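Each structure below appears as structure tokens.
Below are two complexes that have chain A in common, paired first with chain B and then with chain C.
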Partner chain A sequence: MVSYILRKFLHLIPMLFVISFLIYLGIELMPGDAVDFMISPDEMATVSAEALAQMRSTLGLDKPFPVRYFIWLGNLLRGDFGYSLQSGVAVSTLVMNTLPATLELSVAALLISTLAGSFLGVFSALRKNSIADNALSIAGMIGVAIPQFLFGLIAIIVFVFNLGWFPVGGRMAPGQEAFLQRFEYLVLPAIVLGLSMTAGVMRYSRASMLDSLNRDYVKTARSKGLPEWRVNLVHGFRVACTPVAVLIGFRLPMLIGGAVVIEQIFQWPGLGVMFLGAVRSQNTPIVMMVGFFSVLLVLLASIIVDILTAILDPRIKFN
Partner chain B sequence: MSSKALNKKMDMLLARELAGELSHSKKSRTLRKLHANKLAVIGSGIFLVILILCIFAPLFTRFSSTDVDLRNRLSPPGSVHIFGTDQIGRDIWARILYGGRVSILVGMGSAIGATIIGVSFGTYAGYKGGFLDAMIMKTSELFMSFPQIILVLILVTITGQSLWNIIFIFVLTGWPSMYRMTRSQMLSIREEEYVQALRAFGINDFLIAFKHMLPNAIGPIFVNITLSTAMFILQESALSFLGLGVPSNVSTWGNVLSPAQNITILRENWWIWLPVGSVLTIFVLAINFIGDGLRDAADPTQIG
Partner chain C sequence: MNTNAAIITVKDLNVNFYTNQRCNRVINGVSFEIKRGRTLCIVGESGCGKSVTANAIMQLLPELSRIEKGSITYHGSDGDIRIDQLDKNGKEMRKLRGKDIAIIFQDPMTALNPVYTVGFQINEMLQAHNPRMSRKSATEKSIDLLKDMGIPLPEQRVNEYPHQFSGGMRQRSMIAMAMACAPRVLLADEPTTALDVSIQAQIFELMEELKTKRDTAIMLITHDMGVVAELADEVAVMYMGNIVEFGTIEDVLNSPAHPYTKALLKSIPVLGKGKTQKLDPIRGSTPDPFSRPKGCQFQPRCDYACKECEVQMPDETLVNGIHRVMCFNYLEVLENGK
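And then the complex of A and B:
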């Protein structure tokens, strides 16, 4: 077990090495270097070429590319992730300030989509080819086809402007930091993001439930005279759960990526909004480091899912 | 050889499905199957109507999508401008039609580009296996470990915004899933006897992979082309809506929608976002219907 987990983490290292190299390449590819950003354009004319060269060599910028990469990697390992080109704030500070908001939103959305999706999927499978089943599958198709941002905008019009149930955007009113106080801010974006992710789960759990209902063990359970709900839920659904859990594992990248557009529409102060701002202003260090963090999170999350499935499913061996 | 015959049968079904013939012929098919095919037929109809409207846009509107008319800003739908005008007086209907050209080009172009790369890699590497396959597999894992939209936006930062850059980025981020799908198909076809026979005859690897094996994997590939066209159209609209996709002077469905980020326009000028949003959604829905119909037709377990 321990060696299985260790091995998973060791597999991570070459991957992270390559990704960090690509990320560094991305930073280097942008025109200009740190010195160009440290000196304002009007001062640039007054600084002599020797002084510039001096600055570059103190910063290590005159060294060959591979050397600079390893210096950067060393800084990374020590927790120095670089600085914003505009404000000079450390990237790690920016990420740490915005990540909790994003995780709050996307974990809520993941919960909503998983619960709603598997409930609706099982419901349609049990009532296969009924009106409700067909209506749900058409609703699911529309849900996949409608752009996430349009869905968000319509939700704002209906629930914020017409019904006035929720505040217009943001994460909390000034001074309201307790979770219960800012709960009303979370509800609408989380539901919008959650529902836009529900259709996939619904389709998948309907299919795996149908598959499981056709199996012999379900027929056996029924022939033993068990009540129908017990046959469906205890014998059918339990086995249908495993592929759904795998699907949720695949959706983990969405925890970060899926929220970008919704955060922007609801002015949710998360990683996504910060990232979009950096993309707009060509703030390469931030863009690249957010990319790096999101890959890191995705890879760690997928390891956790692997370990969890190995624990849950006794057929998987630790080797 | 029986699998080849079956595949031929499937291909024929596929072709007839595309032509919309199957919806009212075959009585042997189940009711559910018929229902699914009906959706595919309706989908193809909507797809063609919107495609024709966009391609022959000048026939359906006398306005240009770029002419600014400051005296007619934000005018509601009426007899002159049937869907009204936007905040600088451009005709919305014209922008939807001309924007559709670009959005559909981005969607289809990227899907086809990603397919060509993914399928050629997948066909050859899936058949040959070995080092090449392992390398491409690792590369695709690398691409897939990024959340899609983050990767797209990183590439937008590096390449800058332009129509062709967006297509290039979509191709670059879209090929790995195509590759994996084709590869898994090839891995199962590789074990078939006819492939062993061809290999025993000493036929060139390229010929075996592309001429003899690829045609048997074509069904799922077509399903994937349609579904990724829909996905890229949605992605383009999201990027352009955020102002990070195709430059805003070019009309695309996402660019036409982007003024709706302004709360006042969102509340008071519904004609700016509702018509284009509906066209976009209906078009993507139609493509998904076609894709689902193709999937059912290509799935041997579902042929009645």
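And then the complex of A and C:
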């Protein structure tokens, strides 16, 4: 298994090169550069051309694009992720400051969507064609169709402004850092992000469960005289959960993508908020770092999926 | 031999399917008995309702199908139980399943759960009916069962997954599982169709042993007359949801009274007769269950068909002893010899 994971990482290296180059190119192709964003348009007229050139050369922006890319890459290989062009803070520090918030939100949403999605899916499959099943199917379709930001906005309007159940946004009140104290800040964004993924998990586990329940081994289980809960869960669901786990694994990157949106809406001080800010101000080192992280995450998801399937399905072996 | 020791009595069983918003009368009044220490063979072409009959006895009919009429009675050690009146997955039915009546399904490749070891799946059967049995003693029993079924290295095999077993070994594991609680009745639904001939012979040998040594009542479903000749004590020939002929093995093989039985016997090669023997496939094909022929179901394919056959399905007539047939012209068929 260790050699398998190592090989996966080796495969990743060329991919990281290509993708990091593409991200760099993307930033380059955006009009303007970081300096344009550091100086407000009003001041722009008063700043001399020399001063601007001076700023560009201190930031290393005067060099041609390929050179800058390779400098960045060289630094990266030496473990130096660079510094924010605007604040001068090390990118690694910035990421370490924001990553926990994003992870907290994502893990909470992952738990919600996995538990609620598979529970509702299995429930639906066991009550096929009942009113509850149909209602859940419709809810699922709506859930898949509604964009996350809209869902978030509706949740804020209803639960924050109308009902006042939750704080408007942010992650904690000043000085209240214990998990329980800031729990109320987490609830709404986690539910919104989680529920938006629940629909997919639910639809998928319903289909997977129905497929499993139609298999011969379920009939065999029943023919042994096992009670229905055992037939449905120990035999039906146990087989059905493998494809569901794969789906959830492959959706991990989507979860982080969703977190970027939800963080904006709820002013959740995570990686996403920082990332969007950096893209807007062409803060290349930050964008590159986050992009890098995302690629790693996609890879990590696929490794997790492979490990999960090998654990869940004895027919599959690592190779 | 005590021929009255019926363990299961099926009377006038009717099963309908309501799939695709249409009613398909799959079983139209079949009656038979499964007796202790005897093998009842059910033969017939694909789709005639053999599996449905077996599943009805186990209350394992699929959704959208139900027992419409008739009775299935289990003559248990403490009184008769009307299986058809039991709650489908209720406690009483579950107590019968596996413990008193066990079933082996047609396809061993799909009948075992791929994510559990074979041992786990046999243990489940044992522990379902012996709640006090520990996992350790269940596993020991499973190993014994696998050994009895002729599986080499059972101590190791018990911890393996179905995909590590060959088809023949899977079917033996299924039989081991079916026999785990020493059921009084074994329903075997074409247990060897998916297997090759030499393994087929071994499996049948196992079943013979069960019958003679443990007095198990066996209902064996097959569409192979050769198997019937070898294993059956009684034979039921099914066509389109009816038992068109029923009798002892001698009755049916030596003096078939139904044109369908006769045609079936003619359409199979006989071992030892050489390659010059004439084989007559039955002409025509099985009718679509949704547009059944009028009158006798076999009439469009029958050499003996007469006017009356097109009007109504013939009633059951007793030929002699337990030999019964559903044919207007059975005397003519009998006279014609084999």
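General observations
Convention: the second predicted complex is superposed on the first by the 264 of 319 C-alpha atoms of A that agree within 3 Å, B and C clash if a C-alpha of one lies under 4 Å from a C-alpha of the other, contacts with A are read in each partner's own complex, and residues count from 1 in each chain.
Everything that follows uses one rule, which is that contacts are C-beta pairs under 8 Å (C-beta built on N, C-alpha and C of every residue); 3 or more make two chains touch, one makes a residue touch a chain.
For clarity, every value in this text was computed on a predicted model and none was experimentally measured.
Because the two structures share chain A, they can be overlaid on it, and in that overlay chain B and chain C fit beside each other without clashing. Once the two complexes are laid over each other on the shared chain, residue contacts for A:Leu299 go to chain B alone; chain C is not touched.
Contact with chain B, but none with chain C, is seen for A:Ile157 once the two complexes are overlaid on the shared chain. Of the two partner chains placed by the overlay, only chain C lies in contact with A:His235; chain B stays clear of it. Of the two partner chains placed around the shared chain by superposition, neither chain B nor chain C is touched by A:Ile307. Counting the residues of chain A that each partner touches, chain B and chain C differ, and the larger count belongs to B.
Once the two complexes are overlaid on the shared chain, A:Ala139 sits clear of chain B and of chain C alike. By the touch criterion defined above, A:Ser223 reaches chain C but does not reach chain B. Of the two partner chains, chain B is the only one touched by A:Ile256; chain C is not. Shared-chain residue A:Leu210: touches no atom of chain B or chain C. Nearest C-alpha atoms belonging to chain B and chain C sit 6 Å apart in the superposition, given in whole angstrom. Of all residues in chain A, those touching chain C in their complex are 215-217, 219-228, 231, 235, 238-239, 242, 312-315. By the touch criterion stated above, chain B contacts chain A in their complex at residues 31-32, 35, 141-142, 145-151, 153-154, 156-158, 230, 234, 237-238, 241-244, 257, 260-261, 263, 266-267, 273, 277, 280-282, 284-285, 288-289, 292.
Only residues 58, 60, 89, 94-99, 102-103, 105, 107, 110-116, 121, 124-125, 128-129, 161, 163, 174, 177 of chain C touch chain A when the two sit together in their complex. Within the complex formed with chain B, the residues of chain A that make contact are 15, 18-19, 22, 26, 29-30, 129, 134, 141-142, 144-150, 153, 156-157, 161, 168, 253-254, 256-258, 260-261, 264-265, 275-276, 278-280, 282, 284, 287-288, 290-291, 294-295, 298-299.
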